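Notes follow the structure.
Naming follows writing order (A, B, C, D and E), and every chain is counted from residue 1.
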Amino acid sequence: MIFEKRTERIIVPMFFMVALFAPLFLESNSFFVGKVTTIIILSIFVMSLDFLVGRVGLITLGHALFYGMGGYLFVILSPEYEAVNFWVYTLYICSISALIALVTGAMILRTKGVYFLMITLALSQMMFYYFFDSLEYGGGDGMFIFVRPETSIFGLSFLDLDDPQHFYYLALFSLFNTLVFFKVVLRSRFGRVVEAAKQNPDRTEALGYNIFAFRLTCYVIGSALGAYAGFLFALQFGFVNPSFFTWEMSGMALVMSILGGSGTIYGAILGTFTYEGLQYFFEHLTKEWLLFMGSAIILMVILLRKGIAGYLEKLLEK
Amino acid sequence: MINDIVLETEALSKHWGGIKAVDEVSLQFRDRLLHGVVGPNGAGKSTLLNMLCGTLKPTSGCVFHKGQRIDALKPWKFVQRGIGRSFQKTNIYPEMTCLENCAISAQRRFGGNFNLFVSRHSNKLVRKAAEQALAQVGLEDRTHAIAAEISYGEQRQLEIAMVLAIDPCILLLDEPMAGMGHDESLRIIELLKELKKTYCIVLVEHDMDAIFELSDQLTVLDNGRHLITSSVDEVRADPRVKDAYLGAEDEEEQTA
Amino acid sequence: MTTELFFVQLINGIQYGLLLFLIASGLTLVFGVMGILNLAHGSMYMVGAYLVWYFFGVTGSFTVSAVLSALIALALGILIERVLIQRLYNRNHLDQVLLTIGMIFVFNSLQSILFGNDPYGVAVPDALSGSIPFTDNSSYPIYRIFAALICVAIAGLLYYVVSHTRLGMLIRAGESNREMVEALGVNIKVLYTTVFALGVMLAAGSGIIASPMSSIVPGMGESVLITCFVVVVIGGLGSIKGAFVGALLVGLVSTFSAVLLPSISNMIIYISMILVLLVKPQGLCAK
Amino acid sequence: MSEALLEIKNINTLYGHSHILHDLSFRLDKGQSMSLMGRNGMGKTTTLKSILGIVPPRSGHVYFDGEDVGRLPTWKRMRRDIAYVPEGRGIFHNLTVKEHLQMAARPGSDGRGSWDYDRVLETFPRLQERLSNLGTELSGGEQQMLAIGRALVTNPRLMILDEATEGLAPLIRQDIWSVIAAIRESGISTLVVDKNIKALKKLCDRHVVLIKGKVHFDGSSEELDLNLENVERALSL
Amino acid sequence: ALASSEIKIGVMQPLSGLYAGPGRSGLDGFLLALKGYANNSHQNSIDVITLDTEAKPARAPELATSLLIQHNADFIFGPAHSGVAMGMIKVLRGKDTVMVIPNAGAAAATGSLCAPNIFRTSFSSWQPSYPMGKVALDKGYKDVYLISWNYGMGRESLEAFEESFEAGGGNVVKKVLIPFPSTNFQPYISDIAAQDPDAVFVFFAGGGATKFVKDYDAMGLRGKIPLLGSGFLTEGTLEAQGEAAEGVLTTLHYAEQLDVPKNLEFRETFHAEYGHYPDIYAVQGYDAGQAIINTINLLNGDVSDKQAVIDTMEKLTINSPRGDFTFSRAHNPIQNIYLREVKDGVNVVKSLAAEALEDPARGCQL
């Protein structure tokens, strides 16, 4: 079983069961299907961040770099008025992002802790300004994607990205795969070394592991998945904007992952849904929702020791 | 005999600013022998070990392993060549259990570290190796205790178990007995006696009983310089060593 | 660039750098020295500026408003540390991120509720309102010179306190091992509350001092936050000297790039930080 | 019977659910020194931490100089002139040697100031050469000297040393023992955890041996001699 | 729908964050216009759903979708921020809901991306700046230094000025686009002093405008080199700028002291309602409200036929506090632009800089 904790074994299947059947009771283009799709996509992003921050120990404040990259790469690579193949472009976008992560990672992984945090922040800010200032990509106003990709494999097509429900299931499927993938990675020997390198890098090196290679691999994986989430998000609304790259974006994702329970991976889903849910609730309640949101965050961090997942674990383990 | 030399240093130096922590030290470490290294505090023993295992790059001089120069290699390459070391300051994975601590050490040599799926059999081997290492230092009954929650002396034991789990050919031990109780020390002494039949061991220790009993060859460093390398008896008799390091023998008798 | 313009820009750069140091000084103390990741630092800067604007409206005296605002900030700092930060010392650094982001939300919305969203300004105090002729058609305001001097004074004081007094040593020691500091008979709780509150007061103080030269607007906190972090990190954590050097570097680089390399002047501070960290991964003044 | 400086009564200490110290009691008289012995993991360090309040006991009392200090925070207890040399040394990585000594230095509560910066450097000349080095840049033994020095400059009435001679060269170890002997002469009490039974026997007036968080032996050096076999078995079984 | 059904208006304004000021002000104006509707003949109730866009373009499509699908809004009022506008347009373009923009001036909204259901009651970035070129020439300024933030609004404003200024033979000494939203203006002001142009033309708004004008004064340039700007330089910022703003010349489609009967009436009503006087953003919001309400009234409350709604709105003449205006074919106001000068802390109208100015709406296919 890849889910080691009881809590995971209860929460994760429950979530996916509900998520799987819920849309069947809603209209296909219902707002909630779209809204939940957005949150699911965000969860993928937050999960990839949690992997890096909570599990590998690479605290980055520039993960949005890859979120934006996913969207902008699509805009840059694809012809403007022609449907391209979704799977092919997924492959393109993930591998190009991975390559970018490989090159930048090789340079910046020399720095540690806060220095790493700041240098990733710097990279994402630079990308932000690059696209903000670039006239050919719409500057600060962003750009539209006019045609959604088609999804045929060998001529067979069973997904229509223009149908919100289909898109929803694509996102859900991606989330599930991401979760399982991270779990498999972390449970493997590779994952154990990564864990070790997080707790005590010096010792791990002294045990004969090239921790740089391990970290770089993780950075590449996390970044590629972050980019995939950005790509999905851009597709959902057919819109990219430099604000995808901002540190606020990274910061929010970080908040969601910590709220969910840093390092638990599945907590990313809890954190994202809670955060978005709270925001939705407060926003519809009052103009001063920010005050409530802030207070709620403060309260939760004080009361919940290890995020929501930590709290659930306290309830459910033994 | 020359072939027996597995690890060798040549005019090895490490300078920190003005401090010459290790100053032109040339030593030879032979297989199947326990090589003791002693010296006053700050003599450069740990620094020497750090260079032998690659964590520190020498300011000048070279390190040879089986005739090949290795001092420019990355630290993890040293381990892959079979050079393992323990730390003077306990250096473990605080949040893992003792078994996991040793499993991490052991799993490298079974491969598959970049492979997501490895066989059940291989996992079993790792576990066995880890358990064996724990048993060797006498931590069997602490197998599933979290490392941060065992006592200091036990952590010292774990420290050694972790090096053993690497299964190195050359063991560099930095004060393994420090912080350990009497009984535990005896146990480690027995263990080292056993191990030196097959390994090359470099032992840094301030516990004179242990070092005198175990060493086949004894080196004394003082202020970064090499003072003498010889048999235990000759070293004990050397007046310079007495002055710089040992003081009056049977120190304990003289106190109070 | 003519030599005259070069010198003018040099002075602009130094002055901007000093102002940056002033804003970053509290952050250096709290984050660089004490190791508390306070993302709400910018909010404290904002609090200072809004308070002084508010009191200026009420009292009409800049000095009185400045003192009042600083005292309130001090109290606020004590409150925040006591009620919130203190609970997180033995937790992960990430929880501090979460907490202080929550605080940013709260402060921003309180600002909007209490003071509205229009830009405000505070007039330069009369005593410092003159300016001295500078080039043919420009002059240099005395208040900015005054502010620069204050920055230098604070930098010096901070450096002295942190590096050369027992208090400074205790703060640094606390960052390394709180338990041990307590075992030396020091009330580390009170010590940390005090220093955190001082950090908040410095942040608010810089908002107060900067207010006559800037505009008081929503979001002013976040806009300086990142720059301050860049300053502290370029210099190297824990080093006041480093933060000072970092601030001057950022000040000069932004000023000159603004005129010479406008196309990348957005990114220039990030580029400089990356370059510095690639060469010295621990910042300029790392030990 | 002389006055007790430190007395603990029926202390029970737990880490989470694991019960480490069981009804532990002993006393240390003024000017005396006492050793605490036991195998690894028997609860020596836990005992010291309970006395200092770093790990507060679940129940029981700690009296220092006649006063119940069991409810006080650690720093207040230390202010009553206790100094602590922890195992693992507790050196601050970002302070220099000089700063370690400067920050800790203070006269005793009765104004005694016999231990100061200079005297420590005299005692440990090795440190003199390393004054501007950071804590992390010291060798293990140098760190140990610094930890002891840092405790001495607080001019304590009670020194608590946890494995203070760990990692020290024989010569220095002798020095430490004589320092401890000397401070005992000057009326400072010491509570020493060490594994070197021979040295402790010379140095200390009383000896306590722990097994699994319980007092197994408590007596003077003479009594220790009488029970040597028993104690040695407790230490190495 | 039946005549008695409820009409839904979605609001997407920045209520928090950097743009909260203009956002909330626009909303106030808008709500004031809606109030006037209460005493109307037909009895349809109006339901307003308010969402906060902050200044986050990334969230815009989602919020717009929510209004479109979840709430079935008939009209959407918003936003203030151009990037957000783009995100909304992506979702709303060609849909049945009519979007009325009360501020965001991005040229594309009523240019290349114009659509039948998208209206704007404020301005296009081109409008307030274009007339200033001629004003500068009339004043005899030959060499002008241009400076703004490097973002859509800034770039487009400078280009509009350049267009008319260079067409009349003026010379742009230097055109500087500085990082948005940096307010470290000192190096640029020193550069201006060194270049010594006849005048400076800028586009800044909000806090940046305050800071620029103060810095310009502090460095001693005020009174030496005239400062010209798009009107936002001195809108809502005069109090904060204080004396530093004296003498600044700006062009805009409104001025608080504008001597138009509707303006006086509006200002007093607004003041009675909210306790303070309205600013330009409130006017624009108010007019957006008027556009929607008048349309509803003309249709007698039946907004089910979207083509009819659009047709009706297109033909409206809005009785605005800034003077009457109509919509161009691209749905942008055809409006007067006034030249104003700051005197004693007030934008005093000097003259009409351009009458019934229509945005060229480049790229619009309507």
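Operating definition for what follows: a residue touches a chain if its C-beta (ideal position, glycine included) is under 8 Å from a C-beta of that chain, and two chains touch if they have at least 3 such contacts.
Since we're looking at a predicted model, the values are computed, not measured.
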Subject >> Set of chains adjacent to chain C and to chain D >> reply: none
Original post:
Can you list every chain in contact with both chain A and chain D?
Top reply: B, C
**OP:** Please indicate which chain is farthest from chain A, where distance is taken between mean Cα coordinates of the chains.
**Re:** D
Original post:
In terms of C-beta pairs in contact, which of A-B and B-D ranks higher?
Top reply: B-D
**OP:** Would you identify the chain whose Cα-based centre sits farthest away from the centre of chain B?
**Re:** E
**OP:** Return the distance between the CA-based centres of chain C and chain E, expressed in whole Å.
**Re:** 35
**OP:** Determine the centre-to-centre distance between chain A and chain C, using the mean Cα coordinates as centres, and give it in whole Å.
**Re:** 32
Subject >> Between chain B and chain E, centroid-to-centroid distance (C-alpha), Å >> reply: 74
**OP:** For chain A, write out the residues touching at least two other chains, lowest number first.
**Re:** 129, 132-133, 290
**OP:** Could you tell me which residues belong to chain E and also touch two or more other chains?
**Re:** 16, 150, 179
**OP:** Provide the list of chain C residues touching at least two other chains, using ranges where the numbers run on.
**Re:** 108-109, 112, 266
**OP:** Could you please write down every pair of chains that are in touch?
**Re:** A-B, A-C, A-E, B-D, C-D, C-E
Original post:
How about chain C: which of its residues touch chain A in the complex?
Top reply: 37, 39, 84, 87-88, 91-95, 97-99, 101-110, 112-113, 226, 229-230, 233, 237, 263, 266-267, 270-271, 273-274, 277-278, 281-283
Original post:
Along chain B, where are the residues that touch chain A in the complex?
Top reply: 53, 55, 74-76, 78-80, 84-85, 87, 91-96, 100, 103-105, 107-108, 112-118, 162, 166
Subject >> Of all residues in chain D, those that touch chain C in their complex >> reply: 52, 54, 73-76, 78-79, 82, 84, 86, 90, 92-95, 99, 102-104, 106, 134-135, 150, 154
Original post:
In their complex, what parts of chain A are in touch with chain B?
Top reply: 184-185, 188-190, 192-193, 195-196, 199-200, 202-211, 214, 217
Original post:
Which positions of chain D touch chain B when the two form their complex?
Top reply: 15, 38-42, 45, 87-88, 126, 130, 137-142, 144-145, 163, 166-174, 177-178, 181, 195-199, 202-203, 235-237
